[in-house]
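Right after this note come the structures.
Below, chain A partners chain B and then partners chain C, in two separate complexes.
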Partner chain A sequence: MTEFAGLAYYTEVPVVIWDVQRIGPSTGLPTRTSQGDLTFTYFIGHGDSNSVILLPGDVSECFEFGWKSFDIAERLQTPVFVLSDLDMGMNQWMSKPFQYPESSMDRGKILWEKDIEEIKGNWGRYLDKDGDGIPYRSLPGNKHPMSAYFTRGTGHDEYARYTEDSETYLRVMARLKNKHETARKYMPKPVLHSMAGATVGILSFGSTENAILEARHMLAAEHGIKAEFLRVRALPFIDEVTDFIEKYEQIFVVEMNRDGQMNQVLLTEYPQFAARFKSVAYQDGLPASAKWVREGILAKYETVVVSDQKSVISDQKSVAGDRKAKGGAQKKPSAKKTASAAKAGSPSKKDAAKSSTKTKKPGRKTAVKSKKK
Partner chain B sequence: MNKIVNDFSITVGTKNGSGSSTANNTILRSIFKMGIPVSGKNLFPSNIQGLPTWYTIRVNKDGFIARQEKSDIVIAMNPDSFARDLASVSPGGAFFYADDIKQPITRVDVSIYPMPVKTIVRNDPNVPNDFRDLVGNMVYVGVLAQVIGIDLKKIEAALSFHFKGKQKPVDMNYGAVKAGAEWAKANLEKKGPLLSRSHEQNGRADHDRRQHRRCHRLDFRRRAVCGMVSHHPGFLARRGAQRLPAHAPQTRGRQAYLCRGAGGG
Partner chain C sequence: MNVVPEDVLKFSGIGCSSKSPTYFLNRTFGFNSLHGRMPSIATGALFADARMKGIGVSGDGDTASIGMGQFKHVMRRNVNLVYIVENNGVYGLTKGQFSATAEKGLHLKKQGENPYMPVDICMEALVSNATFVARSFAGNPKQVKELLKAALSHHGIAVLDIISPCVTFNNQENAYHSYAWGKDHEEPLHEISYIAPRSEIMLEQEMMDGEIREVTMHDGSAVILKNLEKGYDPTNRQEALRVLEEAQQNNWLLTGLIYLNTAKPALTDIYELVDTPLNRLGESDLRPERALLDKINALMF
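What follows is the complex of A and B.
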């Protein structure tokens, strides 16, 4: 699969691959559900590659992504993976009636006879005319004599001619990266479950939504923890995901696998927010339950105590920064404050920059973090 | 009286390949047709016929339908998983089992409901011999429906959906459902202290006498009434409120799990 997925990525062949995730190996255990194929799929291919992945959360979205995935694959001319799981694939769910698409199929950038005639047949299969990384193609049935092209899996230039030239390879790979950036425009938006007064975020994907909604209810009712919940529906991430991550100091990443694969992808894509992500990953083959989501979040939840003292965390950064600027003239933070800050995790450079600005304002509210028992 | 309305989990333990899928789907669909949020999940070994299989139904009036790590109601149809199934019932829950399974009942904190599945099917002249095992699963659908209050009309509609309107299989299966429900209505109503009877039938006389008395007092205090009304404001608003029907059957147990719809679906 990896070989062919890599070939489709580099030759820019639209293809849709459905993966109903389950645990393994062999027989027996694969009757149980999982979300364990995320990183495998995201990084699949020959060396540097970026996958487009759709992540349905219920059976109606499975239906919707059934047709949408083909639209996206043809628009981007790249493989699109749809990661469902066995909880959706095998079990009974309530659902609204499936909605058939109202728009016609999107075949992407297609050159027909008149288009090729206008440019006098001068077109390249891997040539980026629009600056979005997506080239043009023709379809079988086009009768123009210049419509044919070579789908080349080996090293090629913009006109699909064989080459091993380094400069050309760099150009092709840069364009493919640019196309991945363009892909963000076509990704379905995440589903946001807001909660008034939320202080933490929960981020997940796929069939865990029901368990998380129930766990969120329990956390608010029984523990006073209010959480906003974002269910991501596609990779690469889009601005709505970034906005959500920027809002909360603690973001619990809930998923059904052993190693916290979505958390790994988030750490890769948002290294500046690494300290915010708290992996709540669990994999026993059974569909997610509210109990393990709640307990997983509680195990990693850190109470935020708001006080009028100077910020422990951001002061540490700003003091360090000032000391560097003024030749070490600033007072060293106390050991107690340093320990608290270390426990809370290191803030990002972006956060530190914000904090440095804020420290100039006297009497501002600050956060001290401690582990909740 | 400790009534738990439209908020519980049902687990059915059967043998893989025993034909319980239709019965389990019928329970799920009939509850759904009553307008109650519900989900169903399979847990089975790979396609190895005869190994234990479980089907879990989550019923929740507030729409929380994720898997629960507990089973309030367990229906045991498989001797091989009987002990495990009995152990899995939540304290205060209900345990239904085919009474041809002769194994000890080791719980005193749950309500026990033996069901004469084979007897009921054998006495039904409309069920051919080679369909008895398959149709027998419908008996537990009927008994469960009677005890927790699933609307029989919704069950018939669910069967009609499942068999795509083919009247013959609908009639045969619905006949077994009705037989199970009628048996439960007649016997579970008349026999009163069901748990005590179950203890005697299953050799429970050896447990501590003081504990035994305490159980019975608890049972009588918590005598429950089953009925079919949605308490969920959304359903009440959409479908119109109803009150418990006067004919609602009585059962006894630590807790009464009730399915209440309002005629919608």
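What follows is the complex of A and C.
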């Protein structure tokens, strides 16, 4: 599949691929949900390639992205990945009724017999006529003698002819990059949940929305932490996402996987804001709960903001098996240590349930409990 | 045969053999796809416009090594495709490693000795319910030509396993896929000639003195088989498997039209497709009414 994805990117064949994510790696926990395929689809393909990814957040959005993904794929002539998850795909959800598409179908830039006749057969499959990086294409079955071209995964020029010429390769790849820029124009906008007096941001995607809304409520009511919440709905990122990131010094990136894959993508796309992103990543196969979202955010929030931090950090570090750290001997937790503590500190639901609101004790309890298991 | 380039689609996988489609029918759409993945590309493209005929060229590695899974399924689905294998027993493009059709004991300078039994592409096609199975030899171009014409007239999958020596890496005198060995060991099942469609309806004739047999193709053309040894009947699948087995035992390069079934529907026939090719359907053909979605919503919410 990876090889086909790269082929479709380079030969510019539109294709829609739905990935209803379950927990991996391999067959993993086959009946459990996950958001673990984000970086897989983001980086998919051999060589240089860029992915267009849609990220529906509920069942009605899955319906909407069902048709929208085809419009986008045919408009851009590129693979479109849609990342749903097992929770949305197989469990019962409350949902808004499905919305009838108001826009008409978009088959993109296709030339049929009469179009080719009009331009007297003067066209190239990979020519950038419009300056948006998107070429024109004809479809097999077109009977015009000038309609046919040859598709190949090997190097090709603007007229789809075989070439290994370096200049041509650079030109074609630059145009593909330009096309990816154009792609941003067609991406669904993120959903913003604002809050008066917000001082931090929460960024997420997919099915975690309800859990985050609930957690956000608890954070405001019980901890005085007010957060604005942005649910991203597509990659590549668009201006609305950048604007949001620019607003907050701390942005909690909440997602259901072990390594913080959306966080990784954000670090890649926004290196200038790297210090703002706090990864709140956790997955045990169950749908996101407000408890782990809240706990995850609190763990990260405290490590940066609260001054008496040392023991929390070291306790959490001991979860990862670093006994030396236990007891909180370090004077100044380095950024590196904070990061590893953060990783180890992803709370489980049980622990979250036991922990009280904002002392360093919960951290200690967490550590002891997990060690005994 | 009056093949109209605009009515044909060309496909291939990866390999020296798979480069062939760049050298014929220049007004025809072509797709040089992925190694072992020609069948899935062809299946999709031939669905998009079911009026088109596919011509695919693959290699023995492309078909029988990496592509065996896809090969099997394109057979059983009876895709309307001439599936040519330029079979040379090696991976020519990557400098002559043994492929899955290399015979056991084949010795090559850079590779050593092949320890594995070979895959017989015609047998694999037969057991996967292919509807046209033929083997030929590049050293017998007359037969290749007649078989190609017959294959093009076939409606459904037509496999042509053509032993095509790789003169760079696998053409030693004693090698199964060499010119010399082929010339010495070729055992044609019959002499074959192809006759273009005729106006009168031809009925399939029974054996005539065990000498001549005529098979009518889907488009009304006919294939005449002469000099049938032992009265070979290419419409009998069991017989087909038997002669292949016999050829293996006796070390013959058996060539000719091994099996033919003109009665089975091709893949796109078994779906109730509209007359307009799928890739030409537009908004008015495809978009359900607003009321239909309202109804679905009413049922669910």
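In this text, the second predicted complex is superposed on the first by the 293 of 373 C-alpha atoms of A that agree within 3 Å, B and C clash if a C-alpha of one lies under 4 Å from a C-alpha of the other, contacts with A are read in each partner's own complex, and residues count from 1 in each chain.
Methods note: contacts are C-beta pairs under 8 Å (C-beta built on N, C-alpha and C of every residue); 3 or more make two chains touch, one makes a residue touch a chain.
What you see is a predicted model, and the numbers here were worked out from it, not measured in a lab.
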| item | value |
| --- | --- |
| First, second, both or neither for A:Leu7, with chain B first and chain C second | second |
| Partner chain(s) touched by A:Gly141 [first = chain B, second = chain C, both, neither] | second |
| Partner chain in contact with A:Lys291 - chain B first, chain C second, else both or neither | first |
| Chain B versus chain C as contact partner of A:Tyr149, first or second or both or neither | second |
| First (chain B), second (chain C), both or neither touched by A:Tyr162 | second |
| First, second, both or neither for A:Met105, with chain B first and chain C second | second |
| Which of chain B and chain C A:Gly28 touches, first, second, both or neither | first |
| Chain A positions touched by chain B in one structure and by chain C in the second | none |
| Contacting residues of chain C [partner chain A, same complex] | 5-6, 9, 21-22, 26-34, 37, 45, 48-49, 51-52, 277, 279-280, 282-283, 286-287, 290, 293-294, 296-297, 300-301 |
| Parts of chain A lying in touch with chain B, wherever the complex brings them together | 27-28, 30-32, 87, 90-94, 210-211, 213-214, 217, 286-292 |
| For the chain B and chain A complex, residues of the former touching the latter | 25, 28, 32, 37-46, 64-69 |
| Of all residues in chain A, those that touch chain C in their complex | 3-4, 7, 95, 97-98, 100, 104-105, 107, 112, 139-145, 147-154, 162 |
